[in-house]
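Labels run A, B, C, D, E and F following the written order; every chain starts at residue 1.
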Amino acid sequence: MEQKTVVDLVTKGKRIDERGLESYRPIQIQVGLIEKANGSAQVYLGKSKVLAGIKIETGEPFPDTPEEGVLTVNAELVPLASPSFEMGPPSEAAIELSRVVDRGIRESKAIDLKSLVIQKGKKVQVVYVDVYVLDHDGNLIDAASMAALAALANSKVAKMEMKGDEVIEKGGHHQLPLNNHPVAVTFAKIDKTIVVDPSLEEEQVMSARLTVTIDKNGHLCAMQKGGLYGFIPDELKRAVNLAVAKAAENRAKVMAAAKG
Amino acid sequence: MNKLPEPKQPEKLIDEKGLRIDGRRLDQLRPLKLEVGLLDKADGSAYIEQGKNKILVAVYGPREAHPKHIAMPERAVIRCRYHMAPFSVDERKSPAPSRREMELSKVIRESLEPVVLTDLYPRTTIDVFIEVLQSDGGSRCAGITAASLALADAGIPMKELVAACAVGKIQGKMALDLSDAEDKYGDADLPVALVPNMGLVTLLQMDGNLTTAEFEQGLSMAMEACKTIHSMQRETLKKKYATIKDAVEEREEPEIVA
Amino acid sequence: MNKLPEPKQPEKLIDEKGLRIDGRRLDQLRPLKLEVGLLDKADGSAYIEQGKNKILVAVYGPREAHPKHIAMPERAVIRCRYHMAPFSVDERKSPAPSRREMELSKVIRESLEPVVLTDLYPRTTIDVFIEVLQSDGGSRCAGITAASLALADAGIPMKELVAACAVGKIQGKMALDLSDAEDKYGDADLPVALVPNMGLVTLLQMDGNLTTAEFEQGLSMAMEACKTIHSMQRETLKKKYATIKDAVEEREEPEIVA
Amino acid sequence: MEQKTVVDLVTKGKRIDERGLESYRPIQIQVGLIEKANGSAQVYLGKSKVLAGIKIETGEPFPDTPEEGVLTVNAELVPLASPSFEMGPPSEAAIELSRVVDRGIRESKAIDLKSLVIQKGKKVQVVYVDVYVLDHDGNLIDAASMAALAALANSKVAKMEMKGDEVIEKGGHHQLPLNNHPVAVTFAKIDKTIVVDPSLEEEQVMSARLTVTIDKNGHLCAMQKGGLYGFIPDELKRAVNLAVAKAAENRAKVMAAAKG
Amino acid sequence: MEQKTVVDLVTKGKRIDERGLESYRPIQIQVGLIEKANGSAQVYLGKSKVLAGIKIETGEPFPDTPEEGVLTVNAELVPLASPSFEMGPPSEAAIELSRVVDRGIRESKAIDLKSLVIQKGKKVQVVYVDVYVLDHDGNLIDAASMAALAALANSKVAKMEMKGDEVIEKGGHHQLPLNNHPVAVTFAKIDKTIVVDPSLEEEQVMSARLTVTIDKNGHLCAMQKGGLYGFIPDELKRAVNLAVAKAAENRAKVMAAAKG
Amino acid sequence: MNKLPEPKQPEKLIDEKGLRIDGRRLDQLRPLKLEVGLLDKADGSAYIEQGKNKILVAVYGPREAHPKHIAMPERAVIRCRYHMAPFSVDERKSPAPSRREMELSKVIRESLEPVVLTDLYPRTTIDVFIEVLQSDGGSRCAGITAASLALADAGIPMKELVAACAVGKIQGKMALDLSDAEDKYGDADLPVALVPNMGLVTLLQMDGNLTTAEFEQGLSMAMEACKTIHSMQRETLKKKYATIKDAVEEREEPEIVA
């Protein structure tokens, strides 16, 4: 890869894979691949590939929120996905990825945590969102965000009730109710140009990164700037407005795929 | 504790016709699907579906050893990680490696070592990453089958492909390639990896209860199955190279014509 | 679970006069106190109080990279640790770094990088240690404000000081510099770091619910506040150097007279 | 040590310590050395020395087996025992050792886990088998397996009952009931020859290792192949049959020692 | 710093900062700086600076002491305080520091653990003493010991009671009762001379270190020898007697500051 | 929580005749057994039984430092690990090192350093591994006594052997070498290590409650006991060398005769 080429092209309004500056790579979404999960989805974003699996289990609420279920988002950058990923405890990048995906879901109130209570203060349902990166060709945040949303929209929950001290299944399942559909849109700043959905080659030359997560009402629910440089206010405002449009496009694809 | 009801214990594992809960005969493999070369970043990759097992393997290397002190002056070091996705099993698994995963990583590595020509690449590492996306009994064997394809896909010189398959005992009878439920409610499990032409068993573990005669019967069944799987592995690689050859030839033809 | 009763949810966050629970206007900063050079061992240090936030920052470096392999041949590596004391929050926090602390360490480091002339010190590290002794909403921003003073105190060449401040939404209105209770019961939080003369936003995070218009309003409010804080930072450094200059001149005068 | 010598001898049917190919080194077993443990045993296998201690404590069952007690086997390769053992978390070798010993005990159903329940789903007895390697001169699996069996056979359990919410001791002890007596037999392949009970010198030149654990009925209950090469089927069959005989001999020694 | 100078001076009965051999550096103590803690204190000992914060929370007793609350002392040598402190899990020095401070408080019975029980065997108050070193210029043990004592003397506890299964606040607070006031006094051996309250420069040339913790009755409640050399009995006896006097002086300062 | 009933609190720790629960006088050591050279792989080893303490010590070194960066250019680095077996105490102990074990490892190392001629072996490590197989009060002291024998057995040059013993206070009186129950229900514990001929105390810790007079009395009692133990240590080494010498001479005699 010629770093110089990527930058040169972008300054001319072009990209190395011939996309427009404001275009995403092709997005493919499959749901339900993991039968043992309550829900699952695999997203190809160009050659990036992310699998998200949802597990919903009985557990205990946090002591300070006895009337809410628990949402846990975790991301694994397994070394299978990239020569730059290493074995061992989660890296800074993996933690950032999981926390940005988490914020989108949590802050948009996509999951009604109150509906996950089985017995107040004692037993609740715990929703685990596990993001598994399988091939890293850039912009993992958007791929992970879409995979998580599709997997949640694909999830079924067993009906539970208390019988004495124990939680038992009533029999039957229902769709996990989703109140919102947050979608992350990520931008890279390359030289003085802003592009959407950076590929790995572009990430390697970008000076800064901005993620804007948009909910189904077109509101912002999460943002995250990354990278060793910054943005000027005009860039931020343009990015935010573009994010609203792009999120709507991508959300439509995700929700269509989730319905199957 | 679990989200979806776990499979209940079936009344019988073998019915009066001698068929198993999924309708298989005792010596029948589960449906098997193999693919190679599906990951972009890895030097080699393979995917296996065997029953409900869904396993992805990537190979990186030979590459510079990191950290350096693990390098060996006269050969490549193979490293192997068998790892299960948190959603791959009935109850969510912590992503931190368990003792079971660490043991399996070791025996899988030792099952692959005999065929890899490690002395060609001194001071390097060859990394084999096995990710179990869904687990269904026999995942270590399925992992070996796929790992050996991924090594081939990465162009690592090998004497031969390694194939693996488990045999078990259910309701007192030896049965090939146990599924999750058979493994859970069965009496023994005997995973085997074979290098068919060398006739070499490179993985062998067992737990449960077997007589020596049952062991011998099980070993033969497993070896036969490994040979079948071995053919499928070779077929998979052939198809891949044919596709590449076709692609290359197609692309080259115009040039030749021109 | 907690020792002292945590602040209860107030009935309203803004009263009929448009004032907040601590009596501030919507665009008003909390009381802010800045100090530099208070640690003996660190190469540079700073202390900030902003509301009930009490944060101490030390800078060490440029110094030899340790372990060596993290060094970069063409520039200094900035490392940053944002860390909370166990007693800094309502419920005692384990001293082991949490995932939140690890994320904030990353974004804070990335907010400082753009101003530090790292290429002057190849093969070294510059370590920024931010210890939150008491936390009260907006601690990451207060940490950045203090860190940039500590870098200056350590004599690290910078293009300019970075200033940071969060804006939030409470009761449907954008409000500057949220306190703990406002953060907890408010609708959104938007921390911003600014390099004022370059006009560069080097930290930007958000959580909650904002319209694009609210975002733009919030961003402007935060940038204005950053400029105010920036003046206070410069004032603090000036006072420090004046004090040093006085001290030096006082000591030197007799010599000159003699 | 001459690696070549070890191999040369073996190809001639001899061994460096003058044993036969199918002979064990001398085995010495002492029980009850650790008074604070419920049971303990020290095994010398040649110059290898392994101590196993049993602790039986009150705990909780696993959620998916509410009607069973808990068996936990752990092995420590403490750096006191060998220049090759390091401080730190358990190595791959330590984990393999503990898991092979565990499988023998668990799969032979040596301990009746159901008998360890104090109150179903709430309180059970937890049997900790801690294998402590003190001197490593090869074939730790067999030494550990015998030490664990002897220590279990040497173990006493306090009688427990529930009184309200609490577990209390009824007073008195009984022998921990053992339903089976699994014994591991390990083989090494050196050049083309199979030897039993490899010493450290032999392990350093072996190409592969095979452990076969045999229960008191002469059945297999665990197997484990190790090492960087493999076995041909005939070697495996011969080893399995030899293991049955060798296990019987060693079991007799262990159970005799355990009785005191 | 000239190591030789420090030693030379000491052998002449002088110190590099012009103190007497048996003199402490100036001690300044402030309490109550951390409003979110139940109690807090910051101690300057010369240029060494240590902050201690107390948190008192509801928790469970240890199974073997169902009728006692829990005391936990932790010390963090955060890398902010010294170029020699590193990130990561607690070092040997941090563990020793916390354990010596812990022993002083625990062994002098400064806190009546029995008074911390809310419901026997179920719910107790847990007192966390967190020592945070902010600037390391030597003799952290004494600074930490004084900071911990001042912070405890400054602590308020919420009144708690059981209501059914839950612990609730009765409303109101009271002062944490302190039965004793342990103070650590540390000596360094430099060449053949013993000095009190070593500075960092002195610690770097000392051959051994001795801490003696004295309770309010003038009794010893903890001792700790450190460093790569030793003491002769006469040195120990002199140090112990001097510690009694020095502890009384410092205790007066701490308790005066704690009252405010 | 425990398997076998823990020792109950005895009614009195000293009876009317001035004897302790195990029948000892106040100034009497528990039965003490010392052995050296019992491990095959270690460079030196020793075993001690003191009361119910059963402790094994191995010494490795001087050997190449690993990892290298811990080596010191002008002397050997002594490393020490005091570690308890999971079954060594009443309630099973996790094998991961506790904070107590880490502290004791440090003070034990510092008690041995003064006698070892570390400057003879620059750039190496000398590793002392103390494994407490059964613990019964005073295990750190027993560990030091054995460690110093193991160092001698490894042929590490030392100025002198270190001996160690604790003194405690029970029922208001100073008593030598407390057992578990005395330690648990007693009033103070004072472990001491002594280099007898140098008159140097190299380990000193204390917890409980002692007057200065009691401390001085206790220190004297401990030092006397250390001297006794020191003689036993020397005796143990002598016997060992005598045995070796005999063995050598026996073997050599025929040669001389021949």
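Basically, a contact is a pair of C-beta atoms (placed from the backbone, for glycine too) under 8 Å apart; a residue touches a chain by one contact, two chains touch by 3 or more.
Not measured: the values here are computed from a predicted model.
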| item | value |
| --- | --- |
| Reference chain B; chain at largest CA-centroid distance | E |
| Chain at maximum distance from chain D, centres defined as averaged CA atoms | C |
| Pair in B-D, E-F or D-F that repeats A-B, with over half of contact pairs matching by residue number | D-F |
| Centre distance in Å when chain A and chain C are each reduced to the mean of their C-alpha atoms | 29 |
| Distance between the centres, which are taken as Cα means, of chain F and chain B, whole angstrom | 52 |
| Centroid spacing, where centroids are CA-atom means, of chain A and chain E in whole angstrom | 48 |
| Contacts with two or more other chains, residues of chain B listed in rising order | 1, 91 |
| Residue numbers of chain E (touch at least two other chains) | none |
| Chain ring listed from chain A, with chain C in second place | A, C, E, F, D, B |
| Interfacial residue positions of chain E with respect to chain F in the complex | 63-64, 90, 92, 95-96, 98-99, 103, 106-108, 210, 215, 218-233, 236-237, 240-241, 244 |
| Chain C to chain A touching residues, read off their complex | 1, 91, 99-100, 102-103, 105-107, 110-111, 113-114, 190, 195, 198-212, 215-216, 219-220, 223 |
| Chain D residues within the chain F interface of the complex | 33-38, 40, 47, 49, 51, 53-58, 74, 76, 78-83, 87, 89, 128, 130, 132, 134-137, 156-158, 169, 173 |
| Contacting residues of chain B [partner chain A, same complex] | 1-5, 39-42, 52, 54, 56-58, 60, 63, 81, 83, 85-92, 95-96, 127, 129, 131, 133-135 |
